[in-house]
Amino acid sequence: MKRVVIDPVTRIEGHLRLEVIVDEKTGKVKDAVSVGTMWRGIEIILRGRDPRDAWAFAQRICGVCTSIHALASVRCVEDALSIKIPKNANYIRNIMYGSLQVHDHLVHFYHLHALDWVSPIEALKADPVATAALQNKLIEKYGSIADLMPDPLGRRAYPRKFPKATPGYFRTFQERIKKLVESGQLGIFAAHWWDHPDYKLLPPEVHLIAVAHYLNMLDVQRELFIPQVVFGGKNPHPHYIVGGMMCSISMDDMNAPVNAERLAVVEDAIYTQAEAVNLFYLIDLIAIGHMYVQKGWIYGGGLAKRRVLGYGDLPDEPYESIKGGDFHDKILYHCNGVVENFSEGVEKARYYPMVGKDFTDPEVIQEFVSHSWYRYPDETKGLHPWEGVTQPNYTGPKEGTKTNWKYVDEEGKYSWIKAPRWRGKPCEVGPLARYIVTYTAVKQGHVKPSWVDEMIVRQVEFVSEVLGLPPHIWMPTTVGRTAARGLEAQVGVAANLYFLKKLYENIKAGDTAVANVERWDPSSWPKTAKGVGITEAPRGALGHWIVIEDGKIKNYQCVVPTTWNGSPRDHKGQQGAFEECMKDTVVKIPEKPVEILKGIHSFDPCLACSTHLYDTEGREIVSVRVQGSVPVT
Amino acid sequence: METFWEAFKRHGVSRRDFIKFATTLTGFMGLAPSMVPTVIRAMETKPRVPVIWIHGLECTCCSESFIRSATPLVSDVVLSMISLEYDDTLSAAAGDAVEEHRRRIIKEYWGNYILAVEGNPPLGEEGMFCVVNGKPFLEHLKESAEGAKAVIAWGSCASWGCVQAARPNPTTAVSIDKVIKDKPVVKVPGCPPIAEVMTGVIMYMVLFGKIPPLDSQGRPKMFYGNRIHDTCYRRAFFNAGQFVERFDDEGAKKGWCLYKVGCRGPTTYNQCGSMRWYNGLSYPIQAGHGCIGCSEKDFWDNGPFYERLTHIPVPRQEADADKVGAVAAAAAVGGAVVHGILSKIRNSKKREEV
Amino acid sequence: MRIYVFSPGLRIWHWVNFLTILVLFGTGLYIGNPFFSGPPGIEATHAYGEGLTMGFIRKIHFLAGYILLASFIFRVIIGIFSKRDRMVLPRFWTRDYWSSLKEITLKYLLLKKDSDGREYIRNACARTAYPLIYLAILFMIVTGFGMYGLSNPGGFWSSLLGWVVWALGGEFQTHMWHRWVAWLIIVAAILHVYFVIREEIIRRNGEISSMINGYKYFEKEPADIGDLK
């Protein structure tokens, strides 16, 4: 047995430490520990402030999935104050959301994840002529996935961004990398375990294509966020307002924030997103994934096999409230639910819906701290976010000193992340979770499928056909997790085109309102109000909970995706998704655990998000009558 | 180490394109056209500089902003201009491998590398609110700074403290110049800073081999000299007294001044009005939202963001400076009248006694 | 007895100061919180020249600021060259200052009659309050020109006073301080006017007219007559 430490884990957001206990003979991971190693306390800072400012603070939880915490924040304040936003604001927010999904997923694949699968060193061995031929072949072979994406606008004359497939192009790249390697200054490529056998799994030509696209997409990614810059003023950290959006629309006035020219900028950017996803991302992803699956890489599923969770998103039209249930009546992306035992087959999987009341019910979502550096009065019990207590309780490691660890203490407290649980059980969240929930909900007939749901089912079937494996085999794996993310980026683009068309039509119909300011002044608010804001962040289900009193924030909590996935054990010893994934992985060389990096990177960890604390005095939860539920057909 | 020109040649850039690039760059750094030959000379003679980029308590928005740079594009920066040897976000290697590499670079390039810091160190709990490689980030920061030629403080976190240092600052997070005292620190505030400001600072440092001229607050003068208000395209509406009164009103559609909905442009020093974001595409005011002052010290505690004159903590009341002042003035008048009457009575009695 | 108290220079300064503070306060209130809009329906560029716009009001504010600065310097100069014009300085080191302060406090608390005890040309309370008001005005000048100057970084005013802005914690904080102290000055002015009227009514000593003709009337020789001669 060997205990291997990876700290810092790079190519993620924030600070993460992993410790794995590997059986050197078989390569099996006996146990794994994931440690969130930072804490900032943004919720404490939010207390006593103006709820209309909360989005700006909450947004600073994370700059990679920028905008998503702002969205959850304005949604929870609007939910508390019963504000219904105008149609245009809903469409614009959805386009900003979709752009984040596209950008975040694409950057994750190429810049945070790709180097686990491909190597610039291997790329040097490629034959540029063969690489060009392969690129053509891949476009021909997998390019039809672009047809799965509906384009209701249909305005792009021809693709501006298209993978170059000429030997000269690839030769230039290869020479570039060769000189870089020869200069000895490898920069970002330095010191990695490039000699690992996994880097021999793919032919050198695939490595060259992927490395070329790594650099190509590094320069293109900025364009994917242009819709946020137009509507939100900047990126990272675009602006929002409670009650809608501030980017007023006018086709008559000079100097309006949104006019025909600005919309054209957005439309062009969305088509750039479509090309980057359909012609680069998805083709590279399927090519690499397909080859890995053929080499037997169908592990790393872990918790995804047993339990996944989603909240749902993409409201088609403005909704009355979230806690009242109307949000879930309006959404297009029906990933709101929990699915258990998907790996036994979609028919045998168990499905539980998640609707309005489930977000206020104290029994549904709870957090535990028995292995986290916090103190509860009774650590065998979980607390709903509205009831949590704060008491940092740093205890130090198992071996080493307080400020110089050797190994953390998995028997005791070992992480700055709390352990959220659904009805006392751990869940995996993220694009894979959303795909499993949506696919199961549609296949088992729990929802009336929207066009988004139908597109997801078609995507899953497309990939199943390519891989020659049924969804319950390929989806709950490391490759499946990475694949679901890419497929979801395509849904993001499709949603952007869909909502841009709706925006055009609504403006054409004479409605230019973007903000509902009826309840802008705190004097118009009730003395106390409570709200829930939910969304599907790139990394998974995200919820913000707020309590407003006398016009100020009395209490604010976020339960974020990486808190679910990266959670430590609970009092029953149940492990979170990171730890389960590592335990479901085989490590060839314990000192160079590339497989562990692949698995953990497939979650796209975001540690600044996960590690902050939930703070409030014990308080009763208002009971909320649920008006709507998920339509069952 | 090779020069820029050599690096460009190596990547097949023609002399003509190289000169064009140098000219654009000169304009971009706010230098006079007469400086073009100097820039070209600098690019031909200076070697590439290793950069170690570390992360403390932060949200990675600075790294994200950095990769949004359009001129120069980030691939050119990372591969041809600097040698980004350590970065939590982009480095391929992880764990001890990347840590050993960092130590090797520090030793090998002692006194010659640039340290870029994103985020800040918490001092609470002996620094263990942020842990890197099993040790406090504070130690990581000090160790990395020791041999650095210069230190760049990316963003408001490293420069001022930013959101985690907002009241009540639960982790006792501090700006990096509170713990690095013996090195020049270039503060590049903003949450995040504008992409081209970040790459512009890097370009200046690697081209001229020195830190850019700084103002009294340690910020590069070329980027933080002006108030957003003084460079804002909506300034004419301010001068004309044409204001947005409420979001999405007629003034908002006409793109009038956002002063009355709390814009912090008049008190914020940054390039948003002139360079704007995304190479000139937009900035918050252009999208209809007031500036929140994200490059200013402690801007988080200057809220609410939608009020011009922020609230004074009066229990159970919303009170700004004007309300408190008016009440105080009224009280003074009232008090004077009462005191005057009493004085008159008191002193007229005296007269009778006399 | 009729005593010549206020020099012509001081009297001119007083009224200039009065007018500039009034203008500065009024325009300042608008600048911080523009409670009416500029001319509607006119393009911003042209609206600038049309009546009371923000740009015009700011211009007045800055002009008045310069006048305040000039008059403040004038006030300091006459104070340096004329003993008569230095009477506002408190003399903490004298026993007389403290006994006078006690006496005047008791009078203002209505525990003593105004005619009791000694008479002063400038009592200890006034000698304490005036320097504070001068300091407040100086603070407004320093912060005002500090902020004004930063629109031209590296220029005269920002080199001279830019540091004040950063010392107060940034420009936003400086704006707030500038506003609070403005209100402080206005409250002080109200009290000043009250005490003048009070003096006039109770003592009938020509307090109000003294700032026009320079003379005040006293029943007995004031204790601080030495400061005039």
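The letters A, B and C name the chains in turn, as written, and every chain counts its residues from 1.
By definition in this document, contacts are C-beta pairs under 8 Å (C-beta built on N, C-alpha and C of every residue); 3 or more make two chains touch, one makes a residue touch a chain.
Keep in mind it's a predicted model, so treat the numbers as computed, not measured.
Chain B has its Cα centroid nearest to the centroid of all protein Cα atoms in the structure.
The two chains most heavily joined by C-beta contacts are A-B. Measuring from the averaged C-alpha position of chain A to that of chain B gives a distance of 28 Å.
Centre-to-centre separation between chain B and chain C, using Cα means, comes to 38 Å. Put simply, the C-alpha centre of chain A and that of chain C have 61 angstrom between them.
Touching chain B in their complex are the following residues of chain C: 29, 32-34, 36-40, 42, 44-45, 47-48, 52-55, 57-58, 108, 110, 113-115, 150-151, 153-154, 162-163, 166, 169-176, 179-180, 182-183, 186-187, 190-191, 194, 197-198, 201-202. The part of chain B that touches chain A in the complex is made up of residues 1-2, 10-12, 48, 50, 55, 57-65, 67-70, 73-75, 78-79, 82-85, 87-101, 125-137, 139, 162-164, 166-171, 173, 191-192, 195, 234, 246-248, 252-255, 272, 277-278, 281-289, 292, 294, 300, 303-306, 316, 318.
Those residues of chain B whose C-beta lies close enough to touch chain C in the complex are 215-217, 221, 225-227, 230, 236-243, 259-260, 264, 266-269, 293, 296-299, 302, 308-310, 321-322, 324-326, 328-329, 332-333, 336, 339-340, 342-344, 346-347, 350. Contact residues of chain A toward chain B in the complex are 5-15, 17, 37-42, 44-45, 49-50, 52-53, 56-57, 60-64, 66, 107, 111-112, 115, 172, 175-176, 179-180, 183, 185, 187-193, 215, 218-219, 221-222, 225-226, 229-239, 241, 243-250, 253-257, 265, 392, 394, 397, 400, 402-406, 416, 512-515, 517, 520, 522, 550-551, 597, 608.
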